[in-house]
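In the two complexes below, chain A is the common chain; its partner is chain B in one and chain C in the other.
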Partner chain A sequence: MAALKTSSSRWLASSPVRRPIVLRTLTTTSSHRVDAEAGTPSAAAESQSVPPSGAKAPLDPRVLDPNIVTLPSMERKLRRAGIALPGSRRRRAVLKSAPHVPLEKMPYQCFQEARKVLLADREEKLEQIEAQRGKILRLLEQDPSVSGGELAKKTRLHSMRRYLEKLKVQADVNDPAVKKRFEDGEGDMNKPVYRFLADRKWHEYPRKIVMQRITQMNVVPDVLPHIDPIYEVNVAFGRRRIPPGDIVDSRISASPATLSIQPFDAGERLATIAVVDPDVPNVETDNFGSRCHYLATNVPLSPATGKVSLGRLSAETQVVLPWMPPFSQKGLQYQRLAVVVFEQRDGAPTDLERMRLSSPRDGLTMRQLMARFLLKPVGINMFRTVWDEGTEGVMRKAEIEGWDIEFQRKKIEPLPKKRRNLAKYR
Partner chain B sequence: MLKRKGGKMQRDPRVRAIRYHLWHSKAMRPLRFSRMRGLRHWTIARAYALFKHRRRQALERDLERQYTAMRAAVEALRLMDERGVVARTEAERAAQQGAGVGRLYRIAMGKQGVWDQVPIEYARVQTEFPAKEPFNEGWRRPRKE
Partner chain C sequence: MLLPRTYMLALRATVSNSPISNVLEALRSAPSQTLQNLARVRYAHHQSEGRANGVKDGPGKRLGAKKTAGQYVIPGHIIFRQRGTKWFPGENCDMGRDHTIFAARAGYVQFYRDPLKHPKRQYIGVTFDRDDKLPYPPNAPRRRRLGMVATDSPSGPPAESIAASAAAEADMSGGNALVAAAAAQAHNSRGRDLMATGTVAREVPRRLGRKGGRSVSYLDRGEDGMPLAPNARTRGMYREANWEIGRAAEREGIKVKKWVPGDRWSAWRQRAKRRERAQQMSAMRSGGKKKGKGKKGRGKK
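For the complex of A and B:
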C-alpha cells in the first residue's frame, strides 16, 4: 500500500492541475478528485472562502465537498448548511483517498505491459472479426449448389455466425475496464461481452437455485413437463425482490408482480408470460387442479428491456387474464405459484382473441397452452403463498369466493382390531 | 520456558521454531487485494494466461509441422522407384516395377541394429509396475519353415 501511495502521488505531481489551499487545510490527505471535478472555478472559490484571521466567518459549503468530508466538525457544518452527506464516513474517507486515475494511466509497469499484450490480442481479434464477416457475406452470395445444398449452407452459416459471436466476446472479455463496468452493473446488455458475462454469472449460482427450487417443489413436472431455462426471471412485488420459492405475504402479492426478464441473446422477440397455481383443491374429485392467475402475450423482450410490470401491460393488446391475487384457503398447505416465460415461435404475434377464448382462468394448464399456441418455455421462477392473517381481506377485496371455508382432512376410521390366531405362529 | 519482559509473554525461540515447522499451513496465503489492486492482478494474470496459451500453441504447431514433414518424406520414399521417380497417381504407382520400388523406404523402416547401443528394455514403454509376464531374455524369433 505504501508503494502504491508514493508512486501514485509521484505521478500526480506532474499533472498540471493544482490543488486549492483551502481544501488542503480541511482534509488530512490529498484530494485530487475535487481538483479534477472543480477545475478552474476552484481558484475563485478559494479567494472568496479564505476567512480573515480571527473572524468566525461560516465556511462556504460550496468548497466543502460533501462526498469527501470526514471530519465530524466539518460534517456538522455541512449539515447545518442543509447539505445531505452521502454514505458513511468510512465510505467518504475511501473516496477521498482513492485517486480516480483511469486504467490506461495507472503507473504500474507490469500492469501496463499486460495491458499492451491484451490490446495486441484485441487488435488481432478485431481483424479476425472483419475476416469472418467477409467470409459470411461471401457465403451468403454463394449459390447453394456450390456450397453443397440449401441445408449445408444454412448449417455452415449458423456455425460461422456462432464463431463470429464468440470472437466478439473474446475481443473484449480480457479488458479490465469491461470487467469493472460489469461488476458495477453498468454493462450495456446490447453488447455481446456483457451478455456473455451476465450469462456466466447467472449460470454460476442463481440459475442453480431456481432449478433446485422448481425440481424440489415439483413445479417440473406438475406445471411443465421439462424446462431448460435460458432467460433469467426474477420476481418482485413493488421494490421487494422475492427469492425463488419464498413464501410471500398475501397482502404483498395482492398487487401485480414486477418481473425482471433477462434474455442473453441479441434481438427483439415476443414472449408470453403466465402465473399459474397448480395446487387448487377439488373436493368433488378429491384431487388438485390448476388455476391461471395471470396471462399476457405478445410482450416485447430484448436484452436491455429490464423490468416488466405485469400491472402495466396493455389490457387491450397484451393481457389475456389480469392479475388475480394468489391465495391459499384455510386448512390448506402452501400453494405454489409458478411464473413461466414462453418464447413465441419465430417471434410471431399470438392471436389474442383466440387465446382469450381458449384460456379460462380455472383449469388452464401450461401443457394445453403450449400445445395450442406453439410456445416454448424459456424462463421460470416461483413463489408460494399460505393462508395468513391478510388472506381473508385480500380475498374479500378481490371478490374471490371461499374466504369463509376451512378445509379439513377426512378422518379415516381405523380398521377393527383383529385377534391374532396364536396357534398359527406356533 | 516462559519469561516476562515488558509485560509481554515471550516464548523460547526454539519452541517457536519447532511449533512453526510442526503446524504451519502448507497452503499459500490467500491473496487479499483491494478492488483496483485485484483488477490489476487479474489483468496481469489474464495476459500471462494468454501468453502461455500462445506459447503452447506454437509448440504444438511446430511438433505437428515436423511430424507432417517426416510423414511426407517417408511416403515419398515408399512411392519411389529405383530411378528416384516418385509416383504421383495410382496409374503411375501400378506402372512401377521391380525390387527397387520403395527400397529406401524398406531400409528406413528396418529396425536392425537400432537397439545395439541401448538396453533392449527401453524398447517398451516404461511403466510404474512390472507386467504380468516379465521380460523374456531367452526369446528368439521363430524360425521360418
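For the complex of A and C:
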C-alpha cells in the first residue's frame, strides 16, 4: 500500500489537472487501476525503447526482443535486420503479457490447494504401488500348492500385475504437468500414464473412424474375418498422412508407405506387416482375387518405436515381398488396399524362408497367412486407388502388365421371351 | 368447443318462444337452458350422397411376388411388388421408388430372414449359385462377381503418334510448339496417357506459360477449337465450362436484334421467314416425294 501511495502521489504531482480522482484512489478497486496505469508506461518504455539515431545503428538484442515485439514499426526494424519474428503479433503480445511461470508455481490459490490434494493422492498411490509390488513378490515365492494350484497362481499374478499397472496410471493421471506434456506431444510412451492417455485419445475418435471405414468398405470380412484393433496404425506417403480409406494418387503411392504403429502396452514384440488388395479382377473365373503388395515379418515394435518406413526394412531379414505400387486398371472400380499389422504368436520370430516359399504375391490371402504362421491381427488401416493420369506410367515403370487393358461391362443377355400358350385363351 | 354454439341456440330459442320480452331476463335464464341442451345427445346422421361413400374396392394393383424362389433372374428383373416394405432387399437385390424389389445381379432368387442384420425383417436375395443358402455367414468373404470383360485396346490412338503428329503440325505452322503440346495433352486426357516415364505430368504444368507476351489461360483455344489449358473445375479434362458455353455467341460475335413488342412489321417478317423454313424442312423430310394428303391445306399458320 505504501508503494501504491507513492506512485499515485508522484503521478498526481505530475498532473495536477486530475486532482478530483484522488478521492477515489483511496478505495481498493480503483487503486488497482491506478497501479496498473502507473505500471504500463515504464514497462512499455523498457520493452519498446528504440536505439536513438535511426535504424542504421546495429540492433541491440536486449532492447528489441523478437519474441515480444508487437509494434509494426519495431517489427519492420527487426525484419530489415534479418531477424525472423516467431508466430503472429497476437501470439507475441500474449507472450509479452504472460510471464513464464512453471505450472507448479502458478499463483492461484485454488490451483495450489488442488495441487496439494493431488499430491497427497499421489503419495497414497505410491504407497499402494509399493505394497502391491511386495504382494506380487511374496506370491511369486509362494509354493503353488499353497496358492491353489499352478493355474490359480498364474491367474492371480496376472490380475495383480494388472492392478499394479492401473495404480501406476492413477498415480500420475491427474498431474497437470503430465497432462500438459501429453497435450504438447512430449509424453514418453515408455511410461504407463502416457500410454494410457494416448490409448484413450485414440479410442475417442481415430479408432472409430478406422472401424467405420473398414466395415463400410467391407475390408472386414473380405480381408479379415474379424478384427479388434489394439494398435494405432497410420499410413503416410512421404510426409503426407493419408486419412483412412482415402483415394491416393497412384504416383504418390508408387513409393513405399511409411506406417506409424503405436502399441499401447509395454515391451518389445515382433510384428508382421502386410499390404493387401482384395479387388484383383479375374476374368476367367468372373471373380475377384487377392494380391499382396507388401509383406514383411519380424519387425520389432515397442510403444516408443514411432514410424516404420516400409522401404527401409531389411531386405535380407525382414521383407518377404517388397513394395509393389498399388494400381487399378482402367474401367475398374477403386481397389482397396488394406494395411494390416499382425502380432506374432508369443513374440517368436517367424521362419522367413518358410514364409517366402509359402507366400506368392498373387492370390495370397490374409486368412491363409494367419493360419500358416499363427498371426493375430492387432492393427489395421486402409487406403484406395483408382485408375488416374499417373497409373499407366507407374505400371510401366514397375513393369506391371495390364496397363493397356481396359475393362468394360459384360453385357447380360436378356432371357428369351416366354411364348404364350395360345390354346389357353381360346 | 360445442358449448358456445349450444349457448347461442338456447338463447335464440328463449327469445322467440317465451313471453319474456326483456332481453336481460332471457340472458339470465340462459345458463340453465344451456345445461339442458348439453345433456341432449346429437346422433350422427348418415351422409348418403357424395363421393365419400363411393366404391371402396378399386382395381387391383397386381402386387405380390413376380418371381418364385430358385428362379433365375437378371439385373432389373422385378421380384416383388408391394406397398410398403413387406420384404427388404437382401443380397444382390435393390429396392425401387415404390418399394419394388428387383435383382441387381443375375442369379437365383431366395426369400430368407437374417436375424443378425435385423431380427424381424424378411429379405429377398439373389445368389450366384443355385445351391447357396442365404444369409451367408457374417465373417466369410463376400461372394462377388466381376461382371466385366478385359478389352485389349484402350480408347484413342497411341500417345506417341499423337505427340509426333502434333510436333509435325507445329513445324508446319511455324514452330508453335506450345499449341502442339497442348493439342497432344488434350488428346491424351481424352484417350491414353503420354506418361511413359511417369515424369511428364510435372513437365506439363497447369498454366502453360507465356505465348507471345501473354499468358495462356483456359479461355484460349487451339486450332481444333479445344482449350489450351485444362479447366480447373473439370480436373484436367478438356471440357468447356458452362459459363463458357453460355458465352459462345458473344465469342463468335453473333448479335441478336432487340425485340420490340409493338413492332408488327418485324413480327410479320419473322413469321414469314419461319413459314418458309418450315416449308423447306417439310420438303426435305418428305425427300422430294409428293404426298397429296393434307399437304395443300397446311399452308396457313
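Annotations for the structure displayed:
Going forward, the second predicted complex is superposed on the first by the 354 of 426 C-alpha atoms of A that agree within 3 Å, B and C clash if a C-alpha of one lies under 4 Å from a C-alpha of the other, contacts with A are read in each partner's own complex, and residues count from 1 in each chain.
In this section, a residue touches a chain if its C-beta (ideal position, glycine included) is under 8 Å from a C-beta of that chain, and two chains touch if they have at least 3 such contacts.
The model shown is predicted, which means the values in this text are computed figures rather than measured ones.
In the superposition on chain A, contact of A:L118 is made with chain B only, not with chain C. Once chain A of one complex is fitted onto chain A of the other, the partner contacts of A:E401 are absent, as it touches neither chain B nor chain C. Contacts of A:N174 after superposition on the shared chain: chain B is touched, whereas chain C is not. When the two complexes are overlaid on their common chain A, residue A:E392 makes contact with chain C while staying clear of chain B. Applying the stated contact rule after C-alpha superposition, one finds that A:E353 touches neither chain B nor chain C.
Looking at the shared chain after the overlay, A:D184 reaches neither chain B nor chain C. In the overlay built on the shared chain, the residue A:E141 is in contact with neither chain B nor chain C.
Looking at the shared chain after the overlay, A:C110 reaches chain B, while chain C stays out of its contact range. Between chain B and chain C, it is C that contacts the larger number of residues in chain A. No residue of chain A lies in contact with both chain B in one complex and chain C in the other. By the touch criterion given at the top, residues 4, 98, 103, 106, 108, 110-111, 113-115, 117-118, 121, 174, 176, 179-180 of chain A touch chain B in their complex. Chain contact summary for the complex, chain C toward chain A: residues 72, 74-75, 106, 138-142, 144-155, 189, 192-193, 195-201, 236.
The residues of chain B lying in touch with chain A in their complex are 36-37, 39-40, 42-44, 46-48, 50-51.
On the chain A side of its complex with chain C, the touching residues are 218, 220-222, 225-226, 251, 254, 278, 281-283, 286-288, 330-332, 389-394, 396-397, 404-410, 412-415.
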